[in-house]
Amino acid sequence: MKEIRYIFAIKEAMEEEMERDENVFLIGEDVGLAGGSFGASRGLYDKFGPERVIDTPISEAGFTSIALGAASCGLRPIVEIMFMDFVTCAMDSIVNQVAKMRYMFGNQYTVPIVVRMPEGAGLNAGPQHSQCLEAWFAHVPGLKVVMPSTPYDVKGLLKSSIRDDNPVIFVENKTLHAMKGSVGEEDYVIPIGKADVKREGEDVTVVTASRMVHESLKAADILSQEGINIEVVDLRTIQPWDKEAVFNSISKTHRLVIAHEAVKQFGFGAEISAAVSEEIMDELDAPIMRVGAPFVPVPYSLEKFYVPSSEDIVGTVKKTLEQGF
Amino acid sequence: MKEIRYIFAIKEAMEEEMERDENVFLIGEDVGLAGGSFGASRGLYDKFGPERVIDTPISEAGFTSIALGAASCGLRPIVEIMFMDFVTCAMDSIVNQVAKMRYMFGNQYTVPIVVRMPEGAGLNAGPQHSQCLEAWFAHVPGLKVVMPSTPYDVKGLLKSSIRDDNPVIFVENKTLHAMKGSVGEEDYVIPIGKADVKREGEDVTVVTASRMVHESLKAADILSQEGINIEVVDLRTIQPWDKEAVFNSISKTHRLVIAHEAVKQFGFGAEISAAVSEEIMDELDAPIMRVGAPFVPVPYSLEKFYVPSSEDIVGTVKKTLEQGF
Amino acid sequence: MKKPGKAKLIEFYTKMVRIRKIEQKLMEVFSNGEIPGFIHVSIGQEAAPVGICSHLSDSDYISTTHRGHGHALAKGIDLKFFMAELFGKREGYCLGRSGSMHLADKNLGIMGANGIVGGGIPIATGAALAAKYKKTGQVVVATFGEGATSEGVFHEALNIAAIHKLPIVYACENNEWAEFSPQRIHMSVKDVKDRAAAYAIPGVSVSNDVLKIYEEAGKAIKMAREGRGPTLLEIKSERWYGHYVGDAQKYRGKEKVAEAMKKDCLLNFEKLLLKDNVLQRKDIDRIEKEIQAEINEAVDFARGCSPPDPSEMMDGLYV
Amino acid sequence: MKKPGKAKLIEFYTKMVRIRKIEQKLMEVFSNGEIPGFIHVSIGQEAAPVGICSHLSDSDYISTTHRGHGHALAKGIDLKFFMAELFGKREGYCLGRSGSMHLADKNLGIMGANGIVGGGIPIATGAALAAKYKKTGQVVVATFGEGATSEGVFHEALNIAAIHKLPIVYACENNEWAEFSPQRIHMSVKDVKDRAAAYAIPGVSVSNDVLKIYEEAGKAIKMAREGRGPTLLEIKSERWYGHYVGDAQKYRGKEKVAEAMKKDCLLNFEKLLLKDNVLQRKDIDRIEKEIQAEINEAVDFARGCSPPDPSEMMDGLYV
């Protein structure tokens, strides 16, 4: 094991997969010469050359569909969308084309494409550079949606995503890019669709992903001082999400909080909540509660009040414990 | 009252508002000379001329943002997106620009813009012409999302939407366009954000909108023959949705089914379910159940199996009645 | 480039007649209610697919549109399974899921018709990227209408293809109509070819004449194949019928339609071949008869197929 | 068009110095950590906003970008509230919600900087539509970089503006860099102006010289105001510093940066004015001193303002 940053783990995953399979290539704005706006592809251009690390014009729709065309011809593109907010320019490409190509053409094609994008607040970058839009993609049949929270996970999941023959929306988080963590030296993958219990506990299940995993772990520390033990279930993938892991945890704790950075309303927490209440409501001893951002664009200078925090999670966990049926 | 089609009610609403306020104009593909692909603006070009009924090139992103620019300068555009699927080309315009202009610029602007689009299956138009994507917009702060189910409602709600100083995503349904219904002769509006109980009942609440209102009403007929009385709550607006009306109905029936045409997973039903279980779970005597389309693109020749039907609603209502805590 | 010889000319003619007859049949069976959804026919525009695809091998790629029957047929799609798809039957190319607007045959490089105007342009560009990446020598032709050139992805794709000198030809059939709106609603230039200047690539405009199209397409495809980059090739064609079958074209006026019909790329070519003694009337009769038999067989085949089973609805969404 | 007289020349110079000094101050306070987020300075590019905005009245519109301080200032934005916004204070133009990348002043027709590359181009086009609709005689200038011309909305907006002959000028500052990628990554044409041919509108390219910019912008704005439609005006400008403050431009190389800095639109203009005796050194000193005082005052003002209160976070989302 070694200690590396999340962003470097992304680089390693891409590098190793590009070494392993010459059909894998990276395409996006400033990914080549500059090594990526956040540095995810630093060094790859020198190593693999301009054919495999392709700098594009500022044309998100164009290059995403170009990657799709290449994928349909046997290549395995990794697309970098610089900020998740800019994927709004490529929604036709992703939703009408990438997600549907296989099914719509009668399963003739496989579409091994990964679309990476960092989401979230944390850089005070304002309303058009801070959004969390993963719930949109989770609503689109044909896509998988991955949201890793640690350097270890991001490496293993990115490798899986690149090897997957289906399109994967790979959601990074800007505040995680600089985070350090242990990453195995060996070639490992983490299966898409499998959650990870990041902390065990008996009192309340907190289902979460990406940046909110860390806020949940902080909340766990705080709560444990009051004798409350939460179980932190890191979904890692929100489409398909790991029902079994979530349901198992609920069967143990009988209380559920879901936390995400995205706006609370209509976020992925809604689906988890709805599925749980549909299928195993009788396991629950209290209402399901959600933690998410307020229903407003991300304000520049109020980020720290805007983004859900460990305190919000602590508060919500306590509320759950106070309630019951 | 007179009997007119839903599509004609749309036309009347636009026509009356354009007469009332010279700042109101319509822009979109084939809306002028041709009167709209579905005929919503038939006759308006002749009446108001090419300046107020503007035919555009096939440029959804471009003309949506153009409408926004015009709105920020005091006009009141109605944008027609021919099929909801094509709004994927204009997501930056709607999500980063239309929804955020007011808030992001410190409330300097008002953005009175309506973006109309018909959703759903029913024409056997295939995977790229049949989607229901309203949940995306409901997740975006700054937008309102309206989904009328009848000629009466569509007229009153479209007029409200045009008069509203906020951006409204106005979701029509292709199968409703031809539906006839009574519409008042007088100038009336229906408030955005208010649900309508389309049928009263005591046994189960069915919360729904748009096309599924009619499937729910059919289900109500079928169920009533077995002595089961469902209450059909037509949300009419899903952002903001009428919590009070939904909660009131649940307080009466203590059972909830939510039905929409969109893919079930991560659809608007998830939010209703999550909010209900968060806030008034103790009112419920059975798990909340959802009816939605299967998680797959809309297949051309299997539409009638794909789209949720009255039987699906009947089945789900019965399941709810069989269960309990 | 070598002028096409007699055999080639007859082949062009036969292919054009075949597309025409197939689409005429489609109009008939659609009007019978045998085909669900919409169909868009390309009657009057048969010269372009034939002139273009005659330069392509099975391993080259083509992307098409909602009005793409002609191209798919010229590229070699199997008529039976084509028909089955349009009839919404499980034997169809897309398992009966998608219909006319989404015909695709991976094995023949028919990348798929696209229901999103302009949607196929960057996807085809990606196939060209793959060909260059793998140095396969393949060439790609993206086909689309003049209306599609207003979409942002047209611009984005051509820009990228020009920068990377990708092996692709952008073939625009300018039939002067996009749905119910005439060209002047869509563009301030008279010729689509003028849009090539924005990318410093050749822009060529050619009339609705199969021999001229064959010639210009040949040059553009050669250029692409030799790694000298893309061309924007405009074909001035004529849409005879409405946007989709069932559109009575009231907005267009009977005279205009009659005018368009007079400029019949097929009849003109037929006259030329008759005049030059490449064909005799009896050859034409034979060709037509053979084609008609093939079409009837394909329609019978499609009629005999079964619709997909609802239990198969989810199959293959993920690998 | 009339040549600018002495007073105008001094005004141009003063405005350019002011923009330069303000951005230099911004670099300083940003590096101190007083400004959150990113800022993008336009040092080296001051000629364009001044040359262009000198033709605009308060009621005309301008849309800007992430690198838009210069345009906002040249159009007349109030420096104090500008500064407050960058400092993230509630007295800012956007109530401290949005920062440098989103400066807007509705009353002055400063339609808003946009964080989405190209995003402002069609919005500005909509303002031009409104001006035409209401026959107000207003003109709009959309400003953007050469990188933005690769986005689909650039194409879509120019196409529509050309068709409707909207009163707008598309002013592209080609500084040869988009973030960390040079022009050749983004386009196969050397001059952005060549993209005008796709819309049959004039395309004009001008050097980074305030007088030439003033002249060409003047023609284009006149044309727009007279209802004769849009122009694509390219200004060949120079980005001195990195994409954002803090970017060391390693990818660019010191010599190239030094070269760019040598082509100083401000210093060149200053030399000209000194040579022509329009200005004396002492005038320059006075101008600089006055500006510096104004800047210090604005920074002090911004420092003294308070950040927005979390309780106000939801205010005004809906009317």
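Think of it as A, B, C and D in the order they're written, each chain with its own count starting at 1.
One rule holds in what follows: a residue touches a chain if its C-beta (ideal position, glycine included) is under 8 Å from a C-beta of that chain, and two chains touch if they have at least 3 such contacts.
These numbers were taken from a predicted model, which means no experiment stands behind them.
Between chain C and chain D, the least number of touching-chain steps is 1.
Chain centre most remote from that of chain A: C (centre = mean of CA atoms).
Inter-chain spacing, taken between the CA centroids of chain B and chain C, is 37 Å. Chain geometry summary: the mean Cα position of chain A and that of chain B are 30 Å apart. Distance between chain A and chain C, defined via averaged C-alpha coordinates, is recorded as 41 Å.
For chain A, residues touching at least two other chains, in rising order: 56-57, 59, 61-62, 85-86, 88-89, 92, 96, 103-104, 126-128, 141-142, 295-297. Of all residues in chain C, those that touch two or more other chains are 94, 96-98, 102, 114-116, 119, 150-153, 155-156, 159, 163, 185-187, 317.
In terms of which chains touch, the assembly is arranged so that all chains touch all other chains. Considering their complex, residues 61, 92-98, 102, 104-106, 111-112, 114-116, 119, 121-131, 133-134, 152-153, 155-157, 159-160, 163, 315-319 of chain C touch chain A.
Taken in their complex, chain A has these residues touching chain C: 25, 51, 56-57, 59, 61-75, 92-93, 96-97, 101-110, 141-142, 144, 164-166. Touching chain B in their complex are the following residues of chain A: 61, 85-86, 88-89, 91-92, 95-96, 99-100, 103-104, 126-128, 131, 133, 135-136, 138-142, 239, 262-263, 265-271, 273-275, 277-279, 281-282, 287-290, 295-297, 325.
Of all the residues in chain C, the ones that touch chain D in their complex are 150-156, 159, 162-163, 184-189, 194-195, 197-201.
Of all residues in chain C, only 36-38, 88-89, 94, 96-99, 101-102, 114-119, 147-148, 150-152, 178-182, 185-187, 251, 307-308, 310, 313-314, 317 touch chain B in the complex they form.
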